[in-house]
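What follows is a set of structures for review.
Two complexes are shown next, each including chain A; its partner changes from chain B in the first to chain C in the second.
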Partner chain A sequence: MSETVHSQVRTFVIDNFLFGDHGTPLADDQSLIENDVIDSTGVLELVSFIEERFGIAMADADIVPANLDSVARIVSFIERKREPVN
Partner chain B sequence: MCGIAGYHGHLPPGKARALLERMCAAIAHRGPDGQGIHVESEAGLGHRRLAIIDLSDDGAQPMANDDGTLHVTYNGEIFNHVELRAMLEARGRSFRTASDTEVLLRLYEEFGTECVGHINGDFAFAIWDGARHRLFLARDRMGVRPLFHTTHEGRFYFASEAKALFAVPGITAEIDPVALDQIFTLWAPIAPRTGFKGIFELPPAHLMIVEDGRTEIRPYWALSFPDAGDVAGDDAGDDAGDRGNRPDAELAEELRALLEDATRIRLRADVEVGALLSGGLDSSIITALAARLAPGRLRSFGVTFDDPEFDESTWQRTMAEALGVTHHAVACRAGDIAGMFPAVIRHCGRSVLRTAPAPLYRLAQSVREQSVKVVLSGEGADEIFAGYDIFREARIRRFCTRQPNSKIRPHLFRRIYPYLPSLQQQTPDYLAAFFGVGADSPEDPLFSHLPRFRTTAGAKMFFSPELRSTLAGYDAAHELVSLLPDDFRRWHPLHQAQYLETRFLLPGYILSSQGDRVAMAHGVEGRFPFLDHRMVEFASRLPPEVKLKGLREKHILRQAAAGLLPPTIANRPKQPYRAPDSASFREEGYAADLLSPAAIADTGFFNPATTAKLLEKSRRSGLSGFRDNVAFVGILSTQLLSKELSKTAPCGA
Partner chain C sequence: MRVETFLRQSAAADPDRIAITAGDARLSYGALDAASDRLAAALIAHGAKRGDRIAVLMENIPEAAISIFAILKAGAIFCPVNPQLKADGIAFILGDARPVAILTQAKFLRACEAAAAGLDMPPLLISTRAPAALPQGVLAFDTAISQAQGVAAPDAGGDDDLAMILYTSGSTGRPKGVMMTHRAMDAVSGSIALYLRNSADDVVLCALPLAFTYGLYQLLVCIRTGARLVLERNFAFPQAVLDKARAEGVTGLPLVPTIAAMLLAMKDLGPQALPALRYLTNAAAPLPPAHVEGLRKLFAHARLYCMYGLTECARAAYLEPAELERRHGSVGKAIPGTEAVVVDETGREIASGAVGELVVRGPHLMRGYWENPAATEAALRPDPETGVPQLHTGDLFRTDADGFLYFVGRKDDMLKVRGEKVAPREVEAALCACPGVVEAVVWGVPDAVQGALLRAAVVAADPALAEQGLLRHCARILPDYMVPKTIEFRTELPKTASGKIARRLLIETDAPTLATATGWAAKTGD
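And now, the complex of A and B:
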């Protein structure tokens, strides 16, 4: 399950923000902001992706770099949010 | 206002004349009213004329002095030609024409190369001094008028636009990869570099002497600011300026008097002078002053958009009604931008990251259709009086950096970008992160511009591996730092930011791609009262806090303009001039062709696979992010330019 979340998130980030450029190394713990992967519009695209793909409603307080600023953080955030359901 | 071209070196007279004709033909749009050519054994000058002062044949160029030892080809205006003429007459010089070109000749006779220091104007010229066997070139202080040059087979060539240089057999147009990196970081090449390999521009406020096969280039003026003093911090040192004990009201009064005079001498012409009126503060002030000074009824011109996000037509109407000027509004629709864009890029002669030049190209066309060839513009006020968002943004970033964990301070970012929906929806943590709070050092000389440079450079992810390898780690921002003056670090942070805008972006992008190139495409001359060097020098000495008071931009200018404008306009917050970017091309077939993997691979600058995904995203959902739009327009314009160059490749010959 977590592998699926991980690969879905990774694919989304690479396709949507790196335009499928798999040649650019993107470590799971790399900051998306500091590495210019994402901008303010990108964060909203990411929020919309998480809500639609994983059925998670995101509160304003959830939309912080601590939850979303790397592939690993996004995955862990999604898994935390989904736990009660499982 | 015109187009100039010429060379220094030996060419057979017959060949020389034909060459100058071809060079002039390439820039005929700059001067539809006439053409002149002068050839000597060691030099040749060409001129395309846009007649504005002394419309008679007396004003024709190239113009010679009495004994034929000097010849000048000149583009632009000497706004203080009346005063200079009187000064020269008092020194015993006599005149045979009413033209300002003759004033330039006499000024050179009197002062030699020091003549430029006397001129208040926008100019680019070349004087062939036959007695000294010397070619003397110069360009105005702020970079309003262009001047390109190159050397080929031992001969020196110059022209108003690079196009004319490509009319010389053997000089080829090739996109400079380093210029691409500069554009995809700073929005503009850093002069003397241009968009083309081996083609240079004379930087603003510089003169050039070509003599005995040597060239000498040196500045005759420089933008500068006072030291901020030794106290650290943003608010500290705000009195860095020669305010003395003068109250704001007194500074505002001096500003108003200077601006009135700068506007007055820019109304000098033997043809009608109109005004560009965007509906914003700056153009409204200039239009208001001109309406009072101009004989007869002033006509104003503005561009309107269908999309309310960009449109300012309501403000234009308010202002026009308040002043009783006749306003001509020209609509620019999304499809128009795509339709004009190839011509705009042809005229700009380089890649651009925004479509903003296109509506201004349409506006100039409309001005010309109304038989007006000179317009006043409010350009420059945002640079010299700190009107741009980037100045407020930098101040907030410094404020946040002092308390990086504050959840309150980052809310200020939302206040300065009310027109960016994506920012309005962000949490303070994200706002702080986007603006580099805690990451950018306030000691960095580029501090004010780091978020912009970083976001723009994000578009370099589309560079092809070949281009990356050619650039070999080159960093445009690093080069920019190396060009800053020695005392830069002693200036107030606001002044540092103003310097970066005024010295680099203003001539490199605003006055060229959004100014001279798109206006002169239609033979329209822009005049900029805020860029009168007396005004620029006055503004540079003002204390930072009278320019940006808290977060209120152009405070002192607003005070100076009190009573000139209806309150709704006087108190209007800044709305930056923008136009729809990638959205303009969603229905446009040529964009898809030029961005196709085959076309991208053919030019070789970008990555075909990632560009295809960018195009796909644009079609699927539209591009709303800054980086994506910059990339889209930057790639498309580079492709258009490449296509244009391939058409004209085997030129002249």
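And now, the complex of A and C:
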């Protein structure tokens, strides 16, 4: 499951913000903002992607660097939100 | 008054007062004054002279403010360079302005070095924020400051010296260096502080880039009035920015429509989000009526100023908040101490209701475009009544019976994306620079968040060319906001009778409501 989430997030980031350039080095823990991969409107696109693809409703308080500022953080956020509540 | 005097006076009045906060860093007026004195001494020691140009290529970090004031104290001219530019864009400015030094951040060093390659006189690179050792020949910002002798800068110069050259996109596709004197920047910052009623009690949050006029004047007006500037790198994480704004007790919040849209898209923002907020401003592009309403509901206790400006005079008009209800869509009247009138083709004022070009008069106008007399002559033309130069904005306006200004559209094809000026011809040139592209056309369609979305159509000789590859090509040479959202491939482009590509035809087929398209896409300030 996590591999799927991981590859979906990576593919989205590369396709949308790096114009499909899979040759660009993009470490999972690399800051997307600091490295100018995404900007303010990019965050909006990222939020729409997470909400639509994974059915997660994001509150304002979820839209923070700790959840979104690297591929690894995005994957971990999605996995936390998708954990079944028992 | 010279611009660095703003800092000297505020520092003398209250050296311990906080001038700038950014992240966890807090810089007092005394510390900003002292750091810029030492950096000025270092610049002089490295050969900077009165009238030399020095580029500042930085994000919204306190070092950008230290750099700007240091350059002025050294008698030199600062050139803000948009950190979103790629090496090609930086190279143009370096070649045109020929700066003796570039003050930058380590993350931009490679782009700076690539841009400077091939220059006869490569500028000295001074870099801050280096995680590791700097390349040979690059001076560390902190070392420059700490090793400089505390010598006071000599007499830096007069009020009519140039303080700044700020590059702005031109409709021809070639950026132009707008030359501003100390006197003009003093006049306009004083006028802005007057109508916004800024004082040392203000705390202004700036997420707008300091490399553009609207962001830069947040800094200058704050320093002039002894207020505090809260610097944010961007508005990517609105909640984090608002938490910070609340904690700092922000009283002034400058917006562009894209930021307003992001604020209004927040789900959990209540009416008491910023209890100390005294005013909001909008410039760079018109605020849609729904956003005006939304902001007034959200920040009911704050005054909302709709403004209009352009790099060539920084700010031209603003609407008194009390008039907002009665003058929907107006940007008001000329800022204090200046005039803004609508004229006909001969440069004479026309009657209210008629559409004409806005011209601006006053002490805040640019001196001209750097080493570009033809463009200067086209923009600064004598007032037929007085012979005094007046600034032709290229923006079409009308006035109501009481003389309030309403933006109608652009005279040329310039677009505004996220509040930033985009010349379609510059994007078309970038597309045509890709091997296999025969011709290209770029236009804008209205977008609620970005203002305009760029669309492109190309004719390609190489069938292997694909959209993503072409987008990548653009992203390598253009700043992000200039990269088209979509590129379509066509076998031919519509032409006018004279053989020029008919951009207007493409706009019309793409967006049937052309009035909306031009209203949105056009520029109303920087």
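Operating definition for what follows: the second predicted complex is superposed on the first by the 84 of 86 C-alpha atoms of A that agree within 3 Å, B and C clash if a C-alpha of one lies under 4 Å from a C-alpha of the other, contacts with A are read in each partner's own complex, and residues count from 1 in each chain.
Methods note: a residue touches a chain if its C-beta (ideal position, glycine included) is under 8 Å from a C-beta of that chain, and two chains touch if they have at least 3 such contacts.
Since this is a predicted model, take the numbers as computed values, not measurements.
Undergrad: Is A:Gly20 touching anything from chain B or chain C once the two structures are fitted on A? First, second, both or neither.
TA: Both: A:Gly20 reaches chain B and chain C.
Undergrad: May I ask you to decide whether A:Asp28 touches chain B, chain C, both, or neither, giving the answer as first, second, both or neither?
TA: In the superposition, A:Asp28 touches no partner, neither chain B nor chain C.
Undergrad: Once the shared chain is lined up, is A:Ala59 touching chain B (first), chain C (second), both, or neither of them?
TA: Only chain C; A:Ala59 stays clear of chain B.
Undergrad: Considering only the touch criterion stated at the top, classify A:Ser40 as touching first (chain B), second (chain C), both, or neither.
TA: both
Undergrad: Check the residue A:Glu51 against both partner chains and state whether it touches chain B (first), chain C (second), both, or neither.
TA: A:Glu51 sits against neither chain B nor chain C.
Undergrad: Jot down the residues of chain A that show up as touching in both complexes, chain B in one and chain C in the other.
TA: Comparing the two interfaces on chain A, one with chain B and one with chain C, the shared residues are 15, 18-21, 33-34, 36, 39-44, 60-61, 63-65.
Undergrad: Show me the residue ranges of chain A that touch chain B in the complex, using the header's touch definition.
TA: Touch residues, chain A against chain B: 15-16, 18-21, 23-24, 33-34, 36, 39-45, 60-61, 63-66, 69.
Undergrad: Provide the residue numbers of chain C that touch chain A in the complex, in ascending order.
TA: Going by the criterion above, the answer is residues 84, 107, 233-240, 258-259, 262, 265-269, 418, 449-450, 468-469, 471-472, 475, 480.
Undergrad: Per the contact definition, I'd like the list of chain B residues that touch chain A in the complex.
TA: 420, 422-423, 425-427, 429-430, 433-434, 439, 454-455, 457-458, 461-462, 465, 607, 609-611, 613-614, 617, 624-628
Undergrad: Which of the residues in chain A come into contact with chain C in the complex?
TA: Touching chain C: residues 15, 18-21, 33-34, 36, 38-44, 59-61, 63-65, 68 of chain A.
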